[in-house]
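The data blocks that follow each hold one structure.
What follows is a pair of complexes built around subunit A, which joins subunit B in one and subunit C in the other.
After this line comes the complex of A and B, so read on.
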């Protein structure tokens, strides 16, 4: 099932990449300077409607864009057609910090989540804050006309460039800096986005809820110790005991008690966010399906494992005992690579599973619009909606299972890595 | 299917680890781990383990109590059995003793009877002997008397005759 999902994800990727080769080039040159009067006229005559007005017209439905838009992190919280503003905390090295609510972008209530106003040189494009890296751009609040997507070629690599048109001038937009080093189309740009985004907000909400539940539970245990569980205790007690007896004890061994808070925190954090993302019409925050979040979790596991690694753990990595020296020269690089591959697989597994689940559901729902040709063919839309809803429901049910499985697998592997790092190798001692 | 992918490059932010999200995810998770771990998870685990230990202890205690009771019962049974045996033994001993006493008494009585019988026999014998001696003496005296009377008449002063008679009387005495 997991493999199928990764293949589907890759398939979607390849389709989108193929599509971009097929398409006719729209905007080749990067525009930096204000345009001449003719160009202004050209721009306004060619695309006289603003982005928010475009949404009301018939335009081609793009399921891949829709899917990626829905699983992306945004600076607004969208529930149904409503976009709720979130705090923006932005830092541009050339400018300093900017703090304001994303409501100041004047978001319309269509599904795009694009703002109508530029604030402090920042704009909201499809729910994401972007920056106009141009000193000529007015820094006060100004109305913007529309957004455009173009393509630029840098070092023989095609990259996507977003533009904003304000006061009849076309400015290129910078996306927030990302830590992928340009690997996935990101990189260091002119600003950093430390906003309480949709994912951060969902994380805070879920963690707050979990804290409330677990502190309440802890109080209940303190208030009446030794009694039979009641209420929420009944729900969570078997899960906690399962993590303790089936995950921590067999994999970590005698020292399991030390790592129980980490294992429980990982399990409930992932599980709650997986399930929270599955709630329909509630934003569908794809937190655990975001590489950044899984990277943080994997990094914490990596640090905990290697800090707690004992003599035997490092000995087995650096100079595996009990095998010939020439084999050791082969084993050692592999073992050292393994130290890093383990958390990377943790990171990718959770990310790919949850993201793929979200994409599959969105694609099934998108079938309605694909068959309906974005409103041109309502009959086909109604017909396909039956199958789409049935399929989406089915996948949703599977995703509920996946939410538990992935939280369990992440916790289990964490426990097994910690166990292998802290294990006492008695049988090895006997040999020496 | 041309209309499907006419779009330009796709903004796929989930695979771009953004610094903001990395920062917030680290902060939120580490706070969740440390604070809830300390305030909630640790006490919950301790409470659960305490309770399970309690239950295990109670079970063990109950098992031990049952075992003890069984032991006590076994001991009681053993004591009862021993007491019963003792009783039987005492009764048997008493019976034996009684029998022995009876037998002894019988023996004694028999002996006594025998002794009495023997005594009686002896006495009878003695008495018989004494009686016989007496009879002999009397018969002798009577015979002597008679003989004297006869002889007084016949022999009178014949000493040889008197010696002879004396000799005869002695011989009689010897017998």
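After this line comes the complex of A and C, so read on.
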């Protein structure tokens, strides 16, 4: 309780500092996403008041942009201040394939993975590969001066346009085409990005690890059947039995053994990636919080459910027995929609839960920079950092629970959809 | 701070899901208190129903993101 009170006091103290600061007639000043320790130090020590007076341009600190940057997929793997290059596999219909390492962009270690050189007409802006869709832009490796963000209006909607300045000329940038259809930026543009990105790399790593563990365990079961489990078997056997006894058997019924591989694969894949994304200061690959990944998982479930659907399943969708004909005309469209809504909610649930958790943690950390006005007000930053860290830790603990619950819920709902599709019709005369 | 009607919609979606999940959780606890030996079945069904309720709220919140 004492600690809580101290934290609350410090929090209020930081607020009061903040309020005092508001009275001073200054404008907001900030740098781009100040999230790493180095940048924070840089901000607090060097933020020049003089620069402000000279009218130098500064970006406001935007917590939402910082959050979206940190949950998005990148073409570099950043751990702390270090950026590790990843292979880029890019295709532009107008010029064909380009294959190179993102190290060729000469990523700097101070600014969140923006490259210093352009390669083949591609540049690295905030960790993402973007293309200059302009024939006048030199296609060989050239040095670039800086990136700029502007706005353009399209169909009454304001969209952000990134520009690169090279050789004193400003070129607009095309974002990568994205499978989410531009929900979080992107959409269909002049090139396709098939790169081994941060998420793909993390997924391959986790899948490799899972395969190693499970193949080793399967061998152990084969080598000495009937003996007590040892080592990792002790950890995984109860979980596998839990999925079998609490999820598969009650929801699918007699034919559960056929679907166990799918259920276990889905459960451990989602669980491992959820937990991998939770490791702090380790790149924060947000794989299960990516709409593309959850879309493919839901698509697999959709295909499995509808391939295994029996006569009764389709009968209940297309012509529900036991109700008047005029009600059937109402029910049938809803049931047909339901076939598609089920996997869509599976997709959205996992995506939204994991993404929301990551965003909340980042926003709590961002509170430091919001109260500190990105370096103008170090006292408020120090004060609020204690509350921020406590809140972020609390949310992290909840997210650990959510990682398990979401993997469980996805498996449970998959089992229940499969169960409803394969159920035998054992109550002929019962009214529906 | 971009105040818009979308924010109200997101809040309403959250309220709806909150009421729904709260009711499910409360009733499940009541059921467990009445019949502690059925805890396994009740828990599984509780999470299943809560997930379905949450689904509606998630669609609403995603729509709010889309029309923003």
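In this text, the second predicted complex is superposed on the first by the 358 of 432 C-alpha atoms of A that agree within 3 Å, B and C clash if a C-alpha of one lies under 4 Å from a C-alpha of the other, contacts with A are read in each partner's own complex, and residues count from 1 in each chain.
In this text, a residue touches a chain if its C-beta (ideal position, glycine included) is under 8 Å from a C-beta of that chain, and two chains touch if they have at least 3 such contacts.
Note that this is a predicted model, so its numbers are computed, not measured.
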Which superposed partner A:345 touches (first subunit B, second subunit C, both, neither): second
Partner chain(s) touched by A:413 [first = subunit B, second = subunit C, both, neither]: second
Intersection of subunit A interface sets (partners subunit B, subunit C): none
Footprint of subunit B on subunit A - complex, ascending: 15-16, 18-20, 22-23, 26, 60-65, 68-69, 71-73, 89, 126, 128, 149-151, 158-160, 175-180, 184-186, 192-197, 199-200, 203-204, 207, 210-211, 214-215, 217-218, 221-222, 225-226, 237, 240-241, 244, 257, 260-262, 264-265, 269, 286, 289-293, 295-297, 299-300, 351, 355, 370, 373
Complex contacts: residues of subunit C adjacent to subunit A: 40-41, 44, 47-48, 51-52, 54-55, 58-59, 61-62, 65-66
Residue numbers on subunit A that touch subunit C, as the complex places them: 183, 246-247, 250, 344-345, 348-349, 352, 405, 408-409, 412-413, 416
Sites on subunit B touched by subunit A in the complex: 2-26, 28-33, 35-45, 47-48, 50-51, 54
